[in-house]
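Shared between the two complexes below is chain A, which has chain B as its partner in the first and chain C in the second.
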Partner chain A sequence: MKTEHELVEILDFIAEYATYLLGSGVHTSRVIRNSQRIGVALGVDVQLSTFQKSTIMTVRDPDSGESMTRVVGIPPLPISFERNSDLSALSWDAFDDHLPLDEIRRRYVELISKPRIDPIFVLLCVGLANASFCRLFGGDWTAMCIVFTSTLVGFAVKQRMQAHGVNHFLIFIVASFMASMCASVALRFDCTSEVAMATSVLFLVPGVPLINGVIDIMEGHILIGFSRLINALLLIVCIAVGLSATLLMVKDSLL
Partner chain B sequence: MIALDVFMDACFAAVAAIGFGAISDPPMRAFPRIALLAAVGHSLRFSLMNYAGIDIATASLFAAIVIGMGSLWLGRGIRCPMTALYIPALLPMVPGIYAYKAVFSLFMFMQSLNDPGQGEEFMNSFFLNATVSLSVIIMLAAGATLPIFIFKRRAFSLTRRRPDKQQQ
Partner chain C sequence: MEVFWNTIADYNAATWPFQIAFVVIAAVLTLLLYFRPSRGVRIAMKVFMAVLNFWIAAVYYMIYCEPREYHDMLALFWVVMGCIWIYDLAVKHASLARTGHHTWLALLLFLMPLLYPLFSLAMGRTFPMMTSPVMPCSVVVFTIGLMVAFSERVNMILAMMLCHWAFIGLSKVYFFGIPEDYLMACSVVPALYFFLREYIASVGNHGVSKPSPRVLRALLLVLCLIVALIFIYTLCRQLELFIDM
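For the complex of A and B:
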């Protein structure tokens, strides 16, 4: 038997945990499994249904039959596979070791306050990645160097704008415009300029929501799966808008 | 020569996977395995397409199944869920050049509204490229998710501590 106060505390924690996971780009069925696992560890039954922006969840005490429901907003967090792995592992630890709520909460706070990867390191990685991507599509070394540079510019723009909290559609348009504009330098050189232009904006493609959306749909969470896909599609449209702006300027030399 | 081509393809795919993966903040311990999975998957697709004459969507499906199986096998040792390994590994296979061509054709279609013949050509090319990119993305996600359905039990407990470690 749980007192009402205990039940509230459990519900609040699981609500925070589940929305944190959903916000950092974890697919739906994993979030539900993890939350239910923590619920079992704490001796309650957890059910939740989720949408793109909010989650409805109910916690029920099987002994007394008392239940509580909350609607919780999902915070917009950056995608993080590290949080995904760590918090999934936490749910298993809670389940296997029957950790009390205080201990789970302490570990949770510890895990989510771990530092993320250094942005400069990410910037260089993305530059290199996009350059090798250019190579995979048949670009030559000149094109690779140009793509590397333009990705650095585009991604740096994206990072700076994200730090200032600019609307993310705007970020994608501007970053895609800047990157493709820099890559259009390739038209002046004797190289595979079309490949360079095409790959310069590919670092922006929201691959994680796209794949998550298809996973969700396949696992039967069709509504949220489509929401994710449409979200990703909007971002792709923004990339296309930025790219078109460049094409409009340079189309004569492209054809 | 074939071996060298495949090897180069694998190397560049590995770099691409690490770089694009880094955007989504994977755990540091996962990087070598992501690189390995991406290299194996992409070079498999490369070989299937160039030496076996299989089309890009089917080749992507096979490569994605291999990556999914690999993530099931490799995720255990570092307590990572499958998705944390296979999504970054799939990213280099996202058909960017087709997506670009689709956007470019749509753009050119709008520029050639006064010339129906040319416009039709661009519309054709738009549908061709959009279909390829869409089907490849669906094949990638579906193929990599397949092992979750087959090995449910194992896939759901990758982040669980191993029983033998617990006893120590």
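For the complex of A and C:
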């Protein structure tokens, strides 16, 4: 049987763990499974219900029947598949080795304190990835080079604005405008300029929220699934606004 | 290509007194930044750079390059760069403080705008149908020099925009036959390496970034070497074209 203090500690930890996963781009059913797995390891029953900005979590001690509920905000965190995988593995370690709460917490802090990928490395990789997209869509070498440098500009804008805490819809509009404006120089050259312009903004496409939204809906978490899809849709509209601004300035039309 | 050189000729013929004034002001401000750095000089240089960028946008592209296709789009690019200088001035970004790094590279980059017309003359061109010190590519090289010499931590957006412009310059060598732009394209390779290397050092989470700063520097070096090899290949192709002509 758990004391009230122990129950509070478990609830606090699982709430922090679950919201960290939700903020880092994990789909809902995986968060629930991981949280419940840790709950089983610690001898409590965990139920949670998630929304776009917050989570309602209940922890119940099956022996005493005592339960506690808390509403916790979901922090906006950068998406990291490596961290998500590490934290999932932590829930299995807790389950398989029956780790005590202190040990789980110690490992959790260790995992979330690991250094993130250097922003310059990300910048260069995103540039190369977008140039590859350009090639996949039929772009020639000139277009690829232009897309590479345009993406560097657009992504640098995104990184700096994110660092200053600017509204993320505004960030997407400005980054999309900057990347497509830089890519529009391709129009001056004898190359696949339309492919260059179209693919220059692909680095902004919110793939993770789109995939998570679909998975959530398919697994019955309709509300958060739709929330994620609407959020992703708004970001796509922002990309379209930035790209349209460039097209209207450069070609006087959207086509 | 004829339109291209005609617009340059019109611009040079009409604006050469202004260009001389710009060059003199740039030289004075650069010397002051080297030998008498002060807050006032830094502000003056930022204002000068903003004006220079707006000049390229308004006078060069919107007036004299009006016959060229997509001149307004290029003007927009320079307006954005001018706005970044204004923003830099407004937020009091700690740039333009002398670093003491890469002195020789910076000196070479500062002299490059003056080498542009000499290179044109060597290519057999005559005034006004030649490159001059106050044209987009010369200004890009000067700005890169300024950032190499006087920015402890570069404005990454501006640096990326300058690199973008410089790499486009390489395409212009092929498409518009301006080998002068090799000067700009080649100067950006070491500058890009130094910008990113120093940026890594400044934001590298005190040696705990991933990959490690050492690996990152090595990757950066490989990237710059690949870019340099592409430039050399392009130069060789260009030489072949000249020999064929």
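What to note about this one:
The criterion applied here is as follows: the second predicted complex is superposed on the first by the 251 of 255 C-alpha atoms of A that agree within 3 Å, B and C clash if a C-alpha of one lies under 4 Å from a C-alpha of the other, contacts with A are read in each partner's own complex, and residues count from 1 in each chain.
Operating definition for what follows: a contact is a pair of C-beta atoms (placed from the backbone, for glycine too) under 8 Å apart; a residue touches a chain by one contact, two chains touch by 3 or more.
All values reported here derive from a predicted model rather than from experimental measurement.
For the composite obtained by superposing both complexes on chain A, the positions of chain B and chain C are free of clash and fit together.
When the shared chain is aligned, no partner comes close enough to touch A:Ile230: not chain B, not chain C. In the superposition on chain A, the chain among chain B and chain C reaching more residues of chain A is B. One geometric descriptor of the composite model is the angle centred on chain A: between the Cα centres of chain B and chain C it reads 90 degrees, in steps of 10. Of the two partner chains placed around the shared chain by superposition, chain B is the only one that A:Phe137 touches, whereas chain C remains out of contact.
In the superposition on chain A, no contact is made by A:Leu170 with either chain B or chain C. Within the superposed three-chain model, A:Phe121 lies in touch with chain B and with chain C [touch as defined at top]. In the superposition on chain A, A:Asp190 contacts chain C only, with no contact to chain B. Here chain B and chain C sit at a least CA-CA distance of 9 Å once the structures share a frame through chain A.
Residues 116-117, 121 of chain A contact both chain B in one complex and chain C in the other. On chain A, the positions that touch chain C within their shared complex are 114-121, 124, 142, 145-146, 149-150, 152-153, 156-157, 159-160, 178, 181-182, 184-185, 187-190, 249-250. Interface residues of chain B facing chain A in the complex, by the touch rule stated above, are 9, 11-13, 15-28, 30, 42, 79-81, 83-84, 87-88, 90-92, 94, 96-97, 99-101, 103-104, 106-108, 111, 137-138, 140-142, 144-145, 156-157, 159-161, 166. Residues of chain A touching chain B in their complex: 25-27, 30, 33, 78-86, 88-89, 91-93, 96, 116-117, 121-122, 125-130, 132-133, 135-137, 195, 197-199, 201-203, 205, 207-208, 210-215, 218-219, 236, 239-240, 243-244, 247-248, 251. Those residues of chain C lying in contact with chain A across their complex are 69-70, 72-74, 76-77, 80, 156-157, 159-161, 163-164, 167-168, 171, 175, 196, 199-200, 203-205, 208-211, 213, 216, 219-220, 223.
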